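Same chain, two partners: subunit A is paired with subunit B first, then with subunit C.
Showing the complex of A and B:
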């Protein structure tokens, strides 16, 4: 049931009518590359996220948080596993090549994983702000996603990320109701993570963005970013925390929050592996891959 | 005097059925086989016994909380205890045909029933196992031999 299209225009017409592309289809080269790059970055980000989460298993305060961190680690690594499988099916890079490119700093992962989580407060800020930002963008990709295998995996990822967010909300509530020390620790975490989380959505989408044209994304970056801002500004302020943005103001006529100018330099730095924690993160991931090689070998022998 | 002031087991069952698994929005925990027993006495004290798919499941507390909340809203209910049992042990035979269909259609998830071959929810071809665990402890990862779909498989 392999389908093919005479031209890119024909293919785009198919997408405009809600067509879903499957791996067996003879899709245009440019589309195949764009879908691959997008899924590879998502897979890398799940893996890097899972490894950070893992670092907090021994340090999580209490058994309940420990259980949730363990489960989240398994979720993220599991998501990476599924995403690398569908990325490899696009036959642009093998899974091994994707791993080697990641460890060589040649492929991208989300900006937030180029920073270091120093305290439990940071971990909670990530679970609350960053996971929500990731969920907002994944929901938007899922809505009209034209690549079948990705759309089906996203449905499950979204369900699980939504579940993570409940942990995030619960943890924030606990910290917000905590001691002055806990509250000021969390305020510091908000100061550190607010801008990276906001920049996760990327700069405003270009008018001719091919990811939008081909229904790999379905909403513009600035719209998603704004949706997140409108939700989190009042939430954090409601808990009595401040947003580290001196330009933030309430536009009463429009009934909306407006933020100050965004400095995109830190985001650009992360995209060339020049973030504050990029080098350490990449070498940790590479070490972990080497150390777990024996597990993969043993499992291959069992399956063979 | 014989005045029924308490909610009935049927009433409670009906509300517990509305609680969905947080990992599978839209699929009832009752259809997934998590409900073992409901006890209610004359004065409205309710004990709901649930069994987990896996003992380390991270969703236990959230499920218990959701079950408690919906049950407490029933009139004639005074106190609700939700208990996770260690036995019987959950297995896939507890999953209803309805939930199996929903898992397949909504989430492209197959169910591993004993030694039966796992079929792809999309094209019904046979699958081979790729890894024993996926994003969740109750799911393994298979690959379809027909359409190459990655098939997550609920198993015990």
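Showing the complex of A and C:
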């Protein structure tokens, strides 16, 4: 059952041949930690994303949107649930410890959930730009992921994020076809969310990135970011909106969009819980965890 | 809490497939939680959940013994060669 490797080199050779690691395997400590950190951050992000989504259930315009937002909320919380489960299986932290670390600001979640969604336009911009960015990076992980349980769960997550993306696209279309007030509201949302969404991919990957070496990620951050840019610049422009980047230009010879310099300072702030909405988000998440404690207690009682 | 493995059967001739696992305190709740986590969008028509402790797992290498039994994999080469030679004979005539 349990496989082990004599050295890190042996293990890396196994990965190079397309080997898939399972939780029962005696994987190298560094790999276990790296996979755990990656999945924990993904789980945290799904949870924080789900909670933002939940905030918009009462505020979504119309019953159809409300129902879609409810379904999305359930999806995101469901993703978090499955991800926390496989993260806990790695036996580095228990689920309870992961929750406590999240509420204490000790573990990370995606930069975009450190900002406040103020209007429905913001929520649509998130559904369109951020969900797409998340999908681009999840697809890249899924393609070549060496950790079996994560790869299997990503297949489900990606399928469901596909529905979210379509919902985002449809909502953008509705706004684009709407009144001047709606269009200018959405333009403001693009102005606010373009850069955070773009920064979700992180700075350029380092040449010796271990996540790449161990097939936890399969593509470099800058490549994923560029793929997203090439897709979303023409899409937004096609709907008649502008991109808040004065350095943006079309390179005709290469047939590509090139963007201006990226200011990484806001991303750094979010990584240390210093984003504009970090504190409120974390305390909301903590409150929600406390309020739902009775469910966990009830389950514990039945199992006892 | 117990860990359950979840299997879904898509439809018709499809076989049951492993969908993932779920923690639940009882069989009944395992079915409910498995539905809510793995079957929200008509992913299947039937579902099994199995308490992980009831699954018998083979030791590493237990089924490897059958990897090299080439006599179980007749490749049809000999007959194919013969047929080809027969065809060539005919076309020579």
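Heads up, the rule we're going with is that the second predicted complex is superposed on the first by the 302 of 304 C-alpha atoms of A that agree within 3 Å, B and C clash if a C-alpha of one lies under 4 Å from a C-alpha of the other, contacts with A are read in each partner's own complex, and residues count from 1 in each chain.
As a working rule, contacts are C-beta pairs under 8 Å (C-beta built on N, C-alpha and C of every residue); 3 or more make two chains touch, one makes a residue touch a chain.
Small disclaimer: the values here were computed from a predicted structure and weren't measured.
K.L.:
Put subunit B and subunit C onto subunit A via the superposition and say whether they clash or fit.
P.N.:
clash
K.L.:
On the A-aligned overlay, A:34 touches which partner chain: subunit B = first, subunit C = second, or both, or neither?
P.N.:
In the superposition, A:34 contacts neither subunit B nor subunit C.
K.L.:
Pick one for A:68: touches subunit B only (first), subunit C only (second), both, or neither.
P.N.:
After superposition on chain A, A:68 lies in contact with subunit B alone.
K.L.:
In the superposed arrangement, does A:2 touch subunit B (first), subunit C (second), both or neither?
P.N.:
Only subunit C is touched by A:2; subunit B is not.
K.L.:
Quick one: is A:162 in contact with subunit B, with subunit C, with both, or with neither? Answer first, second, both or neither.
P.N.:
first
K.L.:
Answer with first, second, both or neither: which of subunit B and subunit C does A:23 touch in the superposed model?
P.N.:
first
K.L.:
Looking at A:300, would you say it contacts subunit B, subunit C, both, or neither? Reply first, second, both or neither.
P.N.:
second
K.L.:
In the superposed model, does subunit B or subunit C contact more residues of subunit A?
P.N.:
For subunit A, the partner with the higher number of touched residues is B.
K.L.:
Stretches 23-31, 59-67 or 77-85 of subunit C: which one clashes with subunit B?
P.N.:
Of the stretches 23-31, 59-67 or 77-85 of subunit C, only 23-31 runs into subunit B after superposition.
K.L.:
Starting from the residues of subunit A touching subunit B, keep only those that also touch subunit C in the other complex, and list them.
P.N.:
Residues common to the subunit A contacts of subunit C and of subunit B are 71, 74-75, 78, 81-82, 85, 152-153, 156, 159-160, 163, 299, 303, listed in rising order.
K.L.:
Over in the complex, which subunit A residues touch subunit C? Could you list them?
P.N.:
Checking each residue of subunit A against subunit C gives 1-3, 71, 74-75, 78, 81-82, 85, 152-153, 156, 159-160, 163, 299-300, 302-303.
K.L.:
Under the stated contact criterion, what part of subunit B meets subunit A in this complex?
P.N.:
My answer: residues 22-25, 56-59, 61-62, 106-109, 129-137, 141, 143, 147-150, 152.
K.L.:
For the complex, give me every residue of subunit A touching subunit B.
P.N.:
Subunit A residues touching subunit B: 22-24, 64, 67-68, 70-72, 74-79, 81-82, 85-86, 89, 149, 152-153, 155-157, 159-160, 162-163, 166, 299, 303.
K.L.:
What does subunit C use to touch subunit A in their complex?
P.N.:
Within the complex, subunit C touches subunit A at residues 1-2, 19-26, 29, 36-38, 40-41, 57, 59-60.
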